[in-house]
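Chain nomenclature is as follows: A, B, C, D, E and F, assigned in order of appearance, with residue numbering initiated at 1 for each chain independently.
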C-alpha cells in the first residue's frame, strides 16, 4: 500500500555539524534501517560554533566532530568524513568541488543529499548562513556533472578513484518540496541525534520545535511527521539498474 | 505512525450519478470500512446522460439511479437520496439550498463533501459542467451557514428537523488540495463502483485513467494512490466533541 | 506630509447589520469627522442572526435594525436604509439591483463601498457567507454601469431620481488591498460601533481580534491600525470635478 | 512557415453590439477571408447604450442592430442574430441557455467564441459589465455540454434541430491567452467595423487605442497586431474530422 | 496615531557613492532628525564613474568621496568610511567580509541597511550592477552570522573590537517591501543629497524621477513619498533591549 | 505584416561548444541571412566533453573547436573566438570578465546573447551546469556596465580597444521569455549545426527533441518553431541610432 523507496546508498554533504540532524536525519534513519549504506561529508568542523573563554578553535573542532560522530551513530551511520575547511568562511571554490568529487567517486552513492544554493531569504527572522549556500553550491556542482565526467579531475584516477554518476539528488530546504518522507517512526532518533550536539543545546530542548516543523510538513498526507525534499533525477531508473553509476571512459 | 482520521459520518452532495465515483469513492470506502455512517445526495438523476432511441428520460433516470445505488453498495453505502432536479439545467436556487439543508439537518453529518463552485476552467480540453458548479454552490451555501441556523428554514422544524452545524467541509476538485487520502487499499473498489455506471462506460475501461490520476496525486507522499481535498473546518475539534453539531436555539 | 483623502460623500452597501462594523467603520469614522455625507444600505435586517425561543423574526429584525442605527451614530452616520430582503436567502436579482440603483441615484455618492463578489474561500476555517456574495454582486452591478445609465431603470425618473456615476468603488475584503486607511484614531469608535450589536456579542469582547486584524494591515506603513480596500476609479478625478456624477441624457 | 488555422465555421456570442468589434473582429476578418462561415449572436440589442432625449429604447435598439449589421459586413459576416434580451439586465437563465443551444445546433459551428465568465475585476479603472458575465456564462453553459446532448432541450428536434458538439471554444478576455492571432492585415477592418457603431463613437477615434492594445498583445511574437484567446478543445481533431459535430442519439 | 520607529544607530553598506542617496537617504534623514547615530560604509570610491580626459582614477575617487561626504552631511551624517576596493571589480571575498565585520563590530549598530544580493534582473531596461550584488552579498554575510560570532575573525579583538549582533537588517530593493518609511518631510533632503553628487548629474535633474518613484511606493498608504525595505529581525526586541548587541564569549 | 528585427551585429557568449546550437542557432541563422555580422565567444573548448581512452584533453579541445567552427559556418558565422578557460571548472572571475570586455569592445556588437546566471534548477531531471552559470554571470557583468565604461579596464586602450555600450542583451533560457523568434525557416540549419558536433551525438538524433522544444515555444503564435529570449534594452533605440555604442570619455 505504501510506496517507500530505500536507496542502496547515499552521501549527505553539509557545511557544519548538526546541519544533517536539522534537515534530514529522520530520512537517514529510515534508510539505514532499510539497509542503506550512508556517508556524511562535513565541509567544516563547526569550530566557530563554540565560543568559550580559553578554548582554542582546534579544541572546538574536536568536540564538534565527536558530537557529529555520535549523532551519526544514533541513526546508524558510521562513515563520517570531515573536510575541515574553515567554518564561517566556507567558499564554493574549485578546490572544494574537487574534494567533494573525490568523496562521491569513492563512495559511489545512489543518492546525494545537499542544500539549496539559491536560498538567501528565509522568513522574517533568519537569513540563510553563507556557509550553507557555499556547501550547497559546491555539493551540487560536484554532483552534476563533475563526478560523472571521466575527463574532469581525472588526476583522481591515480588514487584509484573513477567517475561516478549518482542516480538522484535530494535537496533539503524550506521551499517547494516534491517528495515527503514519513519520519513518524524515526523522529525520536532524529531528536536524539540532534541532542548529541551537546555543545549547541545550552539548555534548549529541540523536541517541540522539531516536532512542530515535521508535523507541519506531514500535514494532509496521512503522516504524523515528515521531512521534505526536492528531487532531481540525473540517471533514469533503467540506466541506473544497468550502470549503478559507473561511467566508461 | 499514520495519522488517518475516520469521521463518524459524512454526507456527499453532487450533481449526477458517477460524480462521487470520479471524485471521492476511494475515501468513502475507507470511511465505511472504518465504520462511518455515509449518505449520498444526488441533485439530479442524470437522465440526460443516456440518449437512446425510444428511451424516455424517466426510464433513463431509473437506470441511472439503480446504477448509483449499486455503486454506493460497492463502497458500503446504502443511503442514497435523489432530489430529482432536472439534469443539465440544475440551478443553485434557494429551493435547492433548502432541500439540501433538510438532508443535512436530518442526517447530522460530521463532514460534508461537495465540489468547488469557483471552478470554470479545467485544463485545455474540459470545462467544468454547469450542473457541477450549481450543485457545489447550493451544497456549500446549504452547509454554511444555513444548516446551522435555527432561524433559517425554521419551517423544517415541523418535520422534526433541527439546525445542525457540520464539523468540516471537504471540497473535491482539481486545484490546491491540502489533504490527501491514501486510497491504495480501496482504489479497486473505487474502480468497481465507477464500473457500476454501466450506461456510461460504453466499452471504456476506467482503470488506467483512474489509476493515473490517483497516482499523480499520491506522488511524493509514500502513497500509491490518493484522492485530494481542500478542507474547511467550521466547528473546532473541541466544540465538535461537545456539540456533535447540535445548535441550541 | 500625509496624503489622506476625505470624499464628500459615500454609500456603503452590505448584506447584514454589523458587516460595516467589521469591514470599514474605522474609515467611515474618519470620513464623517472630515465632514463627509454617509449613508448605509443594508440588504437584509439580519433577522436570522438572533435565534431565541419565542422571538419572532420580525422582532429580531427590529432589534438588529436598532443596533445598526446605534452603531451608525457612533461613527457619525444618521442615514441608515434597510431594504429588508430575506436574511440568509439574499439573491443578486435584478430587483435588488434596481433597489440599489435607486439608493445610489438618490444619494449621489462620490464613493460606493461594497464587498468582493468573487470571494468564496476565506482561509481554512471560514467560507464567505452567500449573502455577502449576493450583496456584493448586486452592489457592484448596481454601481457599474447601471446607476450611471439614463436609459436603464429609467422608470425611476418618475420618482424624481436620475442617473448618477460614482467617482470610485472601494471594495472591502481579505485579498490584495491597494489602499490602506489609517484608523489609529478611530479604532475605538469602530470597536464601540461593533459592540452596539449587543445581540451578536454574547460575552465576546471584539477588541483584541479587531485590533489584531487592524494591526496586521497597518504593518510596515507607519500606522498602528488600518483598514484595507481595493479601489476602482470609474470617473476620472478631472471629470468628477466637473460632473459630480451627473449624467446628461 | 506559419501555422495559421482557419476553421470552417464559427459562431460568436456576446452581450451587446460592438462587443465583437472590441474583442475579436480582426480574427473574424481573417477567417472570412479564408472562407469560413460565421454567425454573430447578440443576446441584447444594446438599447441602453443610446440615451437621447425623446428616443425610445425600441428606436435605440433598431439603430444599434443596424450598426451591428454594418460592422459585421465590413469583416464579411452576413449572419447576425439578435436574441433581444433586455440590455443592462441580462441574466444567465436556463431560457437564455436554451436560446443559445438552438442557435449553436442550427448553425453547427466548428468554433464558438465567447467571453470569460470568471472576470469581475479588470484593472483599476474598469469593472467587467454584468451583461458580459451573463452572456459569457450562458454561452459557455450552452456550448458545453448542453448543445451536444441529444437528451437535453430535445424538444428542439421538433424544429428540425439536433445535437451538435463544437470542436473548440475560443474565449476572449484580458487574462492568460494561449493563442495569439496575427491581425496585422485585418486591423484596419477591425477599426472600420468598430467605427460602424456610430452611436457609440461620439467623436472618439478608436484607432490609437485599438492599435495600442493589439500591439501590446503582438509584442515579442513577430506580429505587429494581435488578438488573444484562451482555447479549450471539446472534440479532438481526429473525432472532429469524422463527426463534424454530429451526435448519434 | 503613527507608529514610526527610530533606531538608536544604523550602518549603511553600499558599493558606490550615490547608492545611498538613490535607495535610502530619506529614511536616514528621518533617523538623524530623531537622534540616531549613523555611519556610511562605501566598498568602493566610485572612481570608474567619472571618465574625463586627463583625470586619473585617483583624482576621480577623491572627487567622489568628497561629494559623498557632502551628501552625507545634508542628511545629518558625518561618519563616512571608504574601504577603497576597486570600483567596477568588486568581489564578495572573505577579505571584504572581514573589513565589513570590523566596521560593524566597531560601530555597534542597531540596524544594518544593505542591498539584496539575489537581484539580477531589474525591469526591461536595467540589469543590477555586479558591484551592487557583491556589496550586498558581502554586507549580508558580514552581518549574519559573522559579526556576532566571537570565534570568527577573532583576531580583531587585538584591535579592541568584539562581536556584535545587530538587531535588524533593512534590505533596500525593488521587490516585495514589507516596511514603508514615510519620507514626505525628508524627500527634499534626499534630492539635495543626490544633487551633491555633482559629477554624476551632468545636467540631469533628479527631482522628477525620485519623486515619481517615492510617490509610487507611498501609494495607498496615506503617505506622499516613501522608501521601501524588506526587514529581517536577527535579535528579538526583548533580547536587544538587554544586550544591545553584545555577545558574551 | 510581420515585425521581425535583424540587428546589424551580435556577439554570442557561452561556456561550451554546442551551447549556441541548443539555445539560439536558429535565430543566428535568420540574422546572418538578414546580413548581420555575428561573432561567437566560447569561454572553454569543451575538452571534458570527449572522454576516450588515450585521447588527451588538448586533442579533445581541438576536435571540439573544429566542430564548433563547422557548426558556426552552417548558420553563416565565420568569427569564432575561443578563450580556452578550463572546461568543467569555469569561474566568473574578474579575469574572465576582462577577456569578455575585450571581445565586446573589439567587435562592437548591437546585441549580446548570453545565458541566465540565476538559473540553478531546471525541471526534475536536469540541473543547470555550473559552467553555464559562470559564463552567463561573466558575460552579463562584462556587458553591463563594464564594456561601456571608459574608465574600467582602460588598459585595453593600449590595444586600440575602446568602451562600447551594446544596444540590447538577449538572454536565452527556460523561463519567462518575452521575445519569440520564428525559426521555422531555419530550424533545419539549427539541427544541421547541432549535428556538426559529431563527438557529442553518439548515435543520438537531435531532430525530434529540438523540434519538440521549438514547437512548444511556437505554440499559439502562428509560428511552427521558435526560440525564446528575455530582452533587456541597455541603450534606447534613439540613442543607439546616434552612438552605435561608442562612448566619449
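In the analysis below, contacts are C-beta pairs under 8 Å (C-beta built on N, C-alpha and C of every residue); 3 or more make two chains touch, one makes a residue touch a chain.
All values derive from a computational prediction rather than experimental measurement.
Trainee: Hopping along touching chains only, can you work out the least number of steps from chain A to chain C?
Mentor: Counted as steps through touching chains, the separation is 2.
Trainee: Strictly by the touch rule at the top, which chains does chain C share as contacts with chain E?
Mentor: Common contact partners of chain C and chain E, which must touch each of the two, are absent.
Trainee: More than half overlap in residue numbers between the two sides of the chain E-chain F interface, or less? Answer same or different.
Mentor: different
Trainee: For the sequence-identical pair chain C and chain D, determine the rotation angle of the Cα superposition and round it to the nearest 5 degrees.
Mentor: Angle of rotation between the two copies: 120 degrees.
Trainee: Where the centres are mean C-alpha positions, what is the separation of chain B from chain C, in Å?
Mentor: Distance between chain centres: 36 Å.
Trainee: Measure off the straight-line distance from the CA centroid of chain B to the CA centroid of chain F, and report it in whole Å.
Mentor: That pair's centroid distance is 56 Å.
Trainee: Just how far, in Å, is the C-alpha centre of chain B from the one of chain A?
Mentor: That gives a centre separation of 44 Å.
Trainee: Among the residues of chain A, which are close enough to touch at least two other chains?
Mentor: 118, 178, 231
Trainee: Please classify the inter-chain touch graph. Allowed labels: line, ring, star, complete, other.
Mentor: Looks like something else, not a line, ring, star or complete graph.
Trainee: Check the chains against each other and report every pair that touches.
Mentor: Pairs of chains that touch one another: A-B, A-E, A-F, B-C, B-D, C-D, C-E, D-F, E-F.
Trainee: Which residues of chain B touch chain D in the complex?
Mentor: Residues of chain B touching chain D: 47-53, 57, 60, 87-89, 91, 118, 120-121, 124-127, 129-130.
Trainee: Write out the stretch or stretches of chain D touching chain F in their complex.
Mentor: It is residues 1-4, 177-182, 184-185, 218-224, 231 of chain D that touch chain F.
Trainee: Would you pull the chain D residues touching chain B in the complex into a rising list?
Mentor: Counting only chain D, the residues touching chain B are 94, 97, 117-118, 140-141, 143-146, 149-153, 163, 169, 178, 230-234, 236, 247, 249.
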